[in-house]
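Pasting the structures in now, so scroll down.
Below, chain A partners chain B and then partners chain C, in two separate complexes.
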Partner chain A sequence: MQIEVLFFGSLKDITGEASLLLADAKDTDTVQEQLQKRYPALAAAKYFTALNKEMITANKTLREGDTVALMPPFSGG
Partner chain B sequence: MEKLERYNRQMILPGFGTAAQEKLQAASVLVVGAGGLGCPVLQYLSAAGVGTIGIVDGDSVSLSNLHRQVLYRESDIGLNKAKSAAEHLQQLNSETEYKIYPYALMHANALDIIAAFDMVVDATDNFAARYTINDACVLLNKPFVYGAVSGYEGQLSFFNLPAAGENTITYRDLFPVPPAAHEIPNCAEAGVLGTLPGLIGTLQANEAIKYLTGIGELLHGRLLTIDLLTGKQFEMKLTASANKGPVTKEQFIETGDEIFCDTGEDIEEISIAEFLQMKEKENVFVLDVREKKEYPPIDFSDAQIPMSELKEQIYSLPEKEICIICHQGIRSIYAAQLIRNLRGLPVYSVRGGLTAYFNQQP
Partner chain C sequence: MKETKHKNIFVNGAIPAEKIAADIQKHADKTGIGAHSIFLGQVRADEKEKGKVVAIEYTAYEEMAQEKMHAIRESLFAKHDLSCMHVHHSLGAVKAGEICLFVFVSSPHRAAAIKACEELVEAIKFELPVWGKEILDTEQSVWKENR
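Moving on, here comes the complex of A and B:
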């Protein structure tokens, strides 16, 4: 199973890329764990999560082809 | 007759007409921030014929503003932005009434200023002002257009739409509490290409015009993000939550105007030798802020609270001196800042973290 993760704003400074593919993530909590292992600085970053372009506030089961987006706060103007 | 000519090209649009133009003329909009976002917002709202426009900004124009704040001229350098903007806008549309607030929006003045307007445009450049606008608008039941930029990306939404009732979305639904110092990469002035706030500000003006005239579909409940490097747009659906900020006007006014730029530079870092002495003391609490699965486990900490959970568990810490350790001594500085800011306890960060510790403890 493959899912796509998208990073926005300042999170790209941590990951160095705008998106990546994850192979073994059964739910969105697992995505967070795997990402924090790969990018420890993510643990201290603030963001909310969206699954298939819809903001989520609890853990969600993932299916093949799902897209998870991590959105940090923007403050510039 | 002059009005018919001035606004002719928007009035002949299908669905706009005299009715929409009269609504703009009768409307009042408060624009908070007359910088990169605020300039296009002010220019387009003035040009479109909004009857009353309030301008809030305590800053003055500087040379480094001119590449993106295109309302100003070299001769404006050193002048207050709200005053200077109003002068230029008066020349663009003398039929609009401009109300000038040449100072920053604070908790103490926000309710009084915002109450006089139909809606607000958040064109600010910092979190403190954004939360102030959000909370004031929620208390006063005023809608506001949100816009912000980060790097080459900008985003936009319409918040606190009164007609949405219980489903209304506010900024606190996205981010319930203002970021702590460690969650903002840095507070130094970030780089920005002039066209980005130009674009986002123009879209903010567009949302305001749609709301005031009743045309089209507002971005309420949707967050639009645009990446200027790729030209890609990403839209997501937002979810309402119970996070609505201060409940009473008294609570709001009492909220301090927090300063978010805690760089952590003055956090006391201790050496491994100092740490070894400290951890034996009765009044010292050793806190490991590594994530649960990080290797190796240690037996000399009093608690392990992963950085990602620290904010939630911050009140479980005892009233002691907190000595914080992590893998390399970077996260522990952030943790120290968080504990100092939220609990006010004495904090120490172990320099070099466990990597240094194990190097000295064969």
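Moving on, here comes the complex of A and C:
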């Protein structure tokens, strides 16, 4: 199973890339753990998570082709 | 005259003053309208610790922002007696003194346009996945934070 992870704003400075593919993440908590291992600075960053463009606040099970977005606090306008 | 289709709110670079005048003119034939409320966001040359802001570079999660904007639009149309609503937000670099946000709300009577415009601007600031990076005159940059 493959899912896509997107990074925005200041998080892109931490990861150095706008997106990546993860193969073995069964839920959004697992995504977070894997990413924090890969990018330790993420642990200290403040961000929201969206699953398929919907904001989530709790752990969600993932399906093939899902998109998880990590978004720092918004600063538009 | 309710608008339900998804409209692209993003424009590349600054919003020219001429567009604002032209958009007002476009509403001249919508004679049921009695009030327009317009909000313009301008890039401020703030003094930061590391330098002075010369521009803001905007990026967005565009697909999510368009969907969210659609939901905000629907809820404001349900709540207020509005004729139409238009939002234009810059992406990319906008220099200090230039316009980065143009919000245009119209209604038969003033109260609805004024209230909806204010609510819309707040929603744009706090609910749309858009980020501004402040570019400083020292060639450094800091991520903007909305208050």
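One rule holds in what follows: the second predicted complex is superposed on the first by the 73 of 77 C-alpha atoms of A that agree within 3 Å, B and C clash if a C-alpha of one lies under 4 Å from a C-alpha of the other, contacts with A are read in each partner's own complex, and residues count from 1 in each chain.
Just so we're on the same page, contacts are C-beta pairs under 8 Å (C-beta built on N, C-alpha and C of every residue); 3 or more make two chains touch, one makes a residue touch a chain.
Note that the coordinates shown come from a computational prediction; the quantities given were computed from them, not determined experimentally.
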item	value
Partner chain in contact with A:K53 - chain B first, chain C second, else both or neither	both
Contacts of A:M71 with chain B and chain C, given as first, second, both or neither	both
Partner chain in contact with A:A44 - chain B first, chain C second, else both or neither	first
Partner chain in contact with A:Q36 - chain B first, chain C second, else both or neither	first
Touched chain A residues, chain B compared with chain C	B
Which of chain B and chain C A:G9 touches, first, second, both or neither	both
Shared contact residues on chain A - chain B and chain C	6, 8-10, 50, 53, 69, 71-77
Chain B residues within the chain A interface of the complex	33, 35-38, 123-127, 130, 147-151, 153-155, 174-175, 179, 182-185, 190, 192, 197, 223, 225, 234-239, 241, 291, 293, 306-308, 327, 331, 334
List of chain A residues in touch with chain B within their complex	6, 8-10, 12-13, 33, 36-37, 40, 43-46, 48, 50, 53-57, 69, 71-77
Complex contact set, residues of chain C against chain A	41, 58-61, 63-64, 67, 89, 100-101, 121, 124-133, 143-146
Chain A residues touching chain C - in the complex, by the definition given at the top	6, 8-10, 50, 53, 69, 71-77
